[in-house]
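What follows is a group of structures, each given as structure tokens.
Two complexes are shown next, each including subunit A; its partner changes from subunit B in the first to subunit C in the second.
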Partner chain A sequence: MNKTLDLITRVRGVRGAMIVSVEDGLVIAEQLMEGIKGSAVAALAASLAGKLRRAMEAAGTGTSVFWHLQAEQGALLVVPGGGTNTEGGILVVAVAEPDVNIGLVRLELLRAAEAVI
Partner chain B sequence: MSPHTRAVEGWTLQPLTDFVRESSVRLVLVLTPAGQVLAQSGFARAVDVMSAAALAAAIVASTGELARQLKQAPFGALSHQGPKIGFFLATFATDRGTLAVLAVYDLDVSSLGLVQLFYEQLAADLRAASPKGAAQKQVLAADFERELTDSLNTLFGR
Partner chain C sequence: MADDIRALSAQLAQDPQSLVFLRLGEALRRKGQLDAALRVATIGLERHPHLADAHDLYARVLTDKHDYERAFDEWDMAVRIAPKHTGALKGLAFLYFKVGDLTQAEAHLEAARKVEPDDPTIEQAFEMMRGGARRSASPPPAPAPAPPAVAQVAGGGALDEARVFAGLDGANEGLLLVDGAGRVLGGALRDGGGGDVTDTVAAYLAGVSQEAARTAKLLGLGAWNGLSAEGQHGNVHLAHPTSDALLLVVRERGMPLGRLSILAQRATAMARRWLEKET
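Presenting the complex of A and B:
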């Protein structure tokens, strides 16, 4: 898993990457720069995954494949894998600078999700 | 504040209310390792509080003894997760003495990670709010029933 995360954190502007269990919101693997609270990001991202799943079900859009949350000082990019509603579901999460190449990070996240499942 | 969040000792109320709101837990007890309840949230019946507190105190005692036999420090936290519901039990030191928190959460609205995250804040808030230098009051057997009744009356607003 560390090799998988390596490929994400090598992208310029990525400050950290982690694999999170959707079911319990705990970190499975992480590579984060100092100052990023991995357990807090994991717990809150998993909580958000559950809420987004319900929102998307209500909207009739199917399950999400990629989220990009842009903030003033950075971005959170997430690819769910293995089904967010089931046991064994994971999130591949990247914490990035605001000017990161979103397309490249998305590609690496999708590859990582495929490799992990 | 949730209508079901009540405290016997007032300093526990705000930290507990914040914890319930942030972590979306269904039930919470703040208690001493002896089973004396300081605050509760989500319980509707006194009998449920009494049995949950007694069982939580028993778990704290038995895991503490297990740790002692293994020559380890007492366990910090215990979590048990079923298919739909999980529970989390942890102890921490305050100026009021060691306290335990028992939280029960639904997996479709909360998670172990979320409960652990906000438990750390709850423990810190309770440590900060606990009465400083307060001598721990011994509960005598003769006073036990009256104190228990008083506590339950407070917890259920009677």
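Presenting the complex of A and C:
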């Protein structure tokens, strides 16, 4: 799993990557730069993923395969995996600088999700 | 009580990382000093984002402030962190009861009773709920995740919806402008089958936005600018044209996220102009 995360963190601008359990928002594996609180990222990403899933299902777009929260000083990029329900599901998460190559991180996250499941 | 608050405040000042904020927040809440309690709960939550008790405290204060939607989110988070947290289970039961979803209310109380079978307040809650149900023979059904917003949508009047995105592609099926409480200001949404899902989606958006703001803030990423997502059958982009409004753009899966983002920027500018004119 660490090797998988390593491929994500090698992308320039990525400050950390982790695998999170959707069900309880706990960290399964992580590779983070100093100063990033893994447990907080995991809990918040899982919670936001849950709310987004409900909104997207209501909108008829189905569950998300990739999502990206843009903020002034950084970004959170997420690929859910392991089924559409919370049970047994995981999130592959990257925390990145605001000017990161989103397309590249997305590709690595999708690859990582495939490798982990 | 005032002495307690002073002593707890002093303890917290001495050791800001300690969990004494839980007792201080609760003491302030019980005294009715809700703004102070909210500040204490928020700061505590920033320091301990993974602590179920912190989310529970925040939810109780929000409930006292009648902010039921955010309270629901906080108790939901507490239960995710600690599935046997009876305070959060009781809180969720209360909110479900409030919107007339007795099945969910009973299920959450039952879950709390399994954890703490001797807690007399759970039985009292059951009794109150049964009494309430008898008085209100047919409580209004409402989707659970965002009950207050749904109620507001039903009662609130949408403004001149058609004009907001006039001339923009998908104005009546893939663009939605809502206020911070989930009330529709303009646009409309239809699902793949052509069904109108405007109000349902609007009710969920405030929760997504609050969570996005909280996530960005607690992770030190600053204010959030947008949230893009690729779905199995369609892509979405959520932005906030003003601090109080949210804009959702929904398009088919074939539209790449980059193009969707450009479209969202145009819609955001239009919504901002329209909101400025209306206010």
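Of note:
In the analysis below, the second predicted complex is superposed on the first by the 115 of 117 C-alpha atoms of A that agree within 3 Å, B and C clash if a C-alpha of one lies under 4 Å from a C-alpha of the other, contacts with A are read in each partner's own complex, and residues count from 1 in each chain.
The criterion applied here is as follows: a residue touches a chain if its C-beta (ideal position, glycine included) is under 8 Å from a C-beta of that chain, and two chains touch if they have at least 3 such contacts.
Everything numeric here is computed off the predicted structure, so don't read it as measured data.
Superposition note: with subunit A as the common reference, subunit B and subunit C are in steric clash. In the overlay built on the shared chain, the residue A:D24 is in contact with subunit B and with subunit C. When both complexes are overlaid on chain A, the residue A:L44 reaches subunit B and subunit C alike. When the shared chain is aligned, no partner comes close enough to touch A:A115: not subunit B, not subunit C.
Of the two partner chains placed by the overlay, only subunit C lies in contact with A:V65; subunit B stays clear of it. When the two complexes are overlaid on their common chain A, residue A:M33 makes contact with neither subunit B nor subunit C.
Judged by the touch definition given at the top, the superposed model places A:Q73 against subunit C, while subunit B stays out of reach. By the touch criterion defined above, A:M56 lies against subunit C but remains apart from subunit B after alignment on the C-alpha atoms of chain A. Subunit A has more of its residues touched by C than by the other of subunit B and subunit C. Taken together, the two structures place residues 23-25, 39-40, 43-44, 46-47, 50 of subunit A in contact with subunit B in one case and with subunit C in the other.
Listing the residues of subunit B that touch subunit A in their complex gives 81, 86, 107-114, 116-117. Per the touch definition, subunit A reaches subunit C in the complex via residues 23-25, 36-37, 39-41, 43-48, 50-52, 54-56, 58-76, 95.
On subunit A, the positions that touch subunit B within their shared complex are 20-21, 23-27, 39-40, 42-44, 46-47, 50. Across the interface of their complex, subunit A is touched by residues 49-50, 73, 76-77, 80-81, 83, 145, 189-193, 195, 197, 200-201, 204-205, 207-208, 211-212, 214-216, 218-236, 248, 250, 253, 257 of subunit C.
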